[in-house]
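Multiple structures follow.
One chain, chain A, appears in both complexes that follow, with chain B as partner in the first and chain C in the second.
On to the complex of A and B.
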């Protein structure tokens, strides 16, 4: 394609990408370099229904003047990135000195919001992604082996977890695993432990969130793999059968290599999706035991004082994390693409 | 509190924090209930609010006088953490997920005997819409408990009022003010006594507001209205659960909360 033609061809998407991706990301980056203005405080006498007290209030007029002079806030360089809410190098240094063992250091580091969120986010991503691939492939192979008449209904039922809105899906499970819910009560009876609570133990909460993650994402992998299975050519399969390959060997040496590009696609999507894990933490009210980067952003923005600088910084670090995660997969794809003949 | 269960266990209505804990212990030891206490203790904002209530009940103040510097790392802070731990040890193990709706449901299901709850929920419980008549009959609303050696109940008062924006035209402001005054005439207040606790003429306290009125008369403090209190509340909410789960000591927890607050207060321009 000529460069000129290519340019006109790509222009509409380019404009859309600049407007809806580059500009917002750029503005979030600029925000992450700033902190709020110094608040001008003064003391007033405040009388309410329960008596009068001396109270500190924000001098709105004076603060407004500062705001008008510098609408973005005070420039803070990278201080938002290095402060306690994010990379927290100096806090980690102090903790390292104070700890008597690596386990003690980890325990202390888990009070730092960014590292605490990172620990859960990465564990979630690296546990859920491979399980979704495996389970999705297993369901796809299973459904593909069914007689035709049963496939439609089975596909429909298998897709349901993906159709349920994540927040609602996690809320339903949250009630089911409650100690008075059907799953929670059943577990207590099975384990013979009336104090067993899936919501109280950090380990069980992590497992519950990951099980939820696999449950809600497996249908996506399933439907992509199932579509891919429809395109597996008959000849190599028949040839493999004549060569005496078992069902497992046919899957391992014919079907899986054929589905590899789809597996790469699902891995990319799942790495991105799982790194942004958010809804189950809110739905399961799991913030005592597990937080994620997206949950932190949400946490900075609600409450009566929205912390835009901290939220912007966490957003930038999330983007950076996604880039780091996806790079190996993308590099692999790029090498394959080049090898295939250009 | 549930007067039936207190009678069954042979205890008087608790008035102090120590009474509440002793009552919970008696109920548990008598085998009446394994988890007799419930409070709005879900990790995050709710748990922080319980800390605020108990900390003020312990006579603590959150900031250095006249400054935004935090001041919770002290004896009152430590005592508050211990009180939270003691209370939650009598709660259902799911307590870190409890919000105001879930503990109201626990109460209406008759699964708890002592509850530290928002006064605004009294009317809902006493209406009997969701609870069996015997639960409603057993429900007694009382002032929040006081801490030994302190006088004011360990709770905060939340109240609503009117505001009129400064840039409203005089005519609009006058019309709005008249309309709002019309909404709180003594007759209207008297006719709607059960809907809210009115801070005005004509209000007749109802059983549903007995606890709130008793707390207010006991000298409970309004929720601190300093501009940086929200940041303190968030810092509390994010860091209290670790202590209750035993992953951090009380001193470490208070230190962590102050560090989290200072970071936020710096970024918001309250501290340098």
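On to the complex of A and C.
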């Protein structure tokens, strides 16, 4: 295809992506270098019957004017990145000196908003992704062994947790594990603890969120693996059987290598999707015990006093995280592309 | 493959039990919430005994029958959920139509051009696809306030179209790769321009891929919370932020049932979608995988 024709074909899509993805990233970067104006203070003299007192008041009109004139706020350089709400190097340094063990240090570091969110986001990503792969494979193998008539309905039901809006899915589960909901009550009976509440404990909240993550993503892995199982080549399987391979050996040496590229694909998708975990925290109202990077940004932007600088800084660090996460994939694809000889 | 092997009964039992368990885990929450949405709050969130939700003790006492439509009435009439439904319909239809138009043109170009920059465009699209939507929202808010475009439906629509583009491009790109090159190239030898070849030869055969991609665009627009919650004003809210706002103001007894009813109402279209398009959804999920 000629360069010119290519250009005209791709133009609408390119304009949309440049205007609403690339430029906003630039805008986020610029915003991350600024902080909101402080309120303009003015000293006034109040003179009454008992003499004069000096008082400092907020000059609202001047503050408004300054904010309207420079909506970005004042330039702050990289200070947003190093402040307590983000990378917090100096705070971390102090904590490192004062804490007597590594566990103590971790406990203290969990009070810093950015690192707290990072810890949950990474734990969520790297716990949910492998569990999704395993559960998806197990269901796919199970469904593949079912009589054909049952497979369609099983797939239908399986698609529900994945298709449903993340916020709705997490609300549905949240209402059930509520201490007055059906699962919450069942757990209380099982544990023999009438005051058990999943919301109250950080550990249980984390587990609950990850259970939601697996519940909503396992169908994706299941469908992809199931489709892969339909195309397992017959010949190597028969050859393996003739050579006396057991069922387990056939799975290990024929089926799993065949599914390997699919597993890589699912892992890639899951890493991307789990890294932006956000809606479950809103749905489960878990912000007291677990916050993610996306949730922090949402929280900075919400309300009347939106902190654009802080939100933008967290966004930049999140984007950096995404790029680091994707680097191995990008490099692999680059090698493949070159090997194909372009 | 399955027919040629003999399996031990134990293995069959274990794998069937696993699948059964999964089916229950996947379906029960939805059935339970559907059932509970016709009860009053004291039954669905029962302090005394969870079986109240089954028997409807309080529902009987408060309304005189075992089922009540009060939650639905409250959500749709009192809280004007229908307005949010209308907004969602407008947003979803516009997003799907515009992203497919842009996406088919771009995806076709990417599939037919072998130059190095197509690779880079696809890689950049992959990075864009991976970016959390909320990071972009923090870039939009301030300029949108400045230009006075914040809060309107068209703003949310164009933003969702843009966010959707990377995925749409990837998916349609792989569908177009499956359509043989000879088809449009022979049309061009016969004297068509590239666009005429696209219009008369490719468009008639591309619909299966476009429908599948359209389903996923629909889901993205329908399921979005981050963009619509931050970029739409109160009266332009779509369903999902509206449901979230029910939760914020549900201190009054019974209001949480509005949210339950709204959740069931918003799940119903998705249920119908799977019912009719199960095959396309499955093929769409695996399309990316097959291509690698």
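Following the convention adopted for this analysis, the second predicted complex is superposed on the first by the 276 of 342 C-alpha atoms of A that agree within 3 Å, B and C clash if a C-alpha of one lies under 4 Å from a C-alpha of the other, contacts with A are read in each partner's own complex, and residues count from 1 in each chain.
One rule holds for everything that comes next: a residue touches a chain if its C-beta (ideal position, glycine included) is under 8 Å from a C-beta of that chain, and two chains touch if they have at least 3 such contacts.
Just so you know, these numbers come straight off a predicted model, no measurement behind them.
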item	value
Partner chain(s) touched by A:178 [first = chain B, second = chain C, both, neither]	both
Which superposed partner A:297 touches (first chain B, second chain C, both, neither)	second
Partner with the higher number of touched chain A residues, chain C or chain B	C
First, second, both or neither for A:130, with chain B first and chain C second	neither
Touching partner for A:24 - first (chain B), second (chain C), both, neither	second
Partner chain(s) touched by A:165 [first = chain B, second = chain C, both, neither]	second
Touched partner set for A:43, first chain B, second chain C, both or neither	first
Contacts of A:305 with chain B and chain C, given as first, second, both or neither	first
Chain A residues contacted in one complex by chain B, in the other by chain C	178, 285
Chain B - residues contacting chain A, complex	34, 42-45, 66, 68, 92-97, 99, 157, 159, 161, 199, 216, 221-222, 225-228, 230-231, 233-234, 238-239, 241-242, 245, 247-248, 252, 256, 259-260, 263-264, 266-270, 272
Interface residues, chain A side, partner chain B - complex	35-39, 41, 43, 46, 48-50, 55-58, 74, 76, 80, 83-85, 91, 107-108, 110-111, 113, 174, 178-179, 194-197, 199-200, 202, 284-289, 299, 303-305, 307, 309-310
Residue ranges of chain A in contact with chain C within the complex	1-3, 5-6, 9-10, 12-14, 16-17, 19-21, 23-28, 31, 71-72, 135, 138-139, 141-146, 152, 154-161, 163-168, 171-173, 175-176, 178, 180-182, 185-186, 215, 218-220, 223-224, 227-228, 232, 234, 237-238, 241, 247, 261-262, 265-266, 269, 272, 275-276, 278-279, 282, 285, 293-294, 297-298, 300-302, 306, 308, 311-312, 314-315, 318-319, 322-323, 325-326, 329-330, 333-334, 337, 342
Touching residues (chain side chain C, partner chain A) in the complex	1-2, 4-5, 7, 11-12, 15-16, 18-19, 22-23, 25-27, 29-30, 32-33, 36, 44-47, 50, 53, 101-103, 105-106, 108-110, 112-116, 118-119, 121, 123, 125-143, 145-146, 158-159, 161-163, 165-166, 168-169, 194-195, 198, 219, 222-223, 225-226, 230, 240, 243-244, 247, 259-260, 263, 266-267, 270-271, 273-275, 278, 281-282, 285-286, 288-290, 292
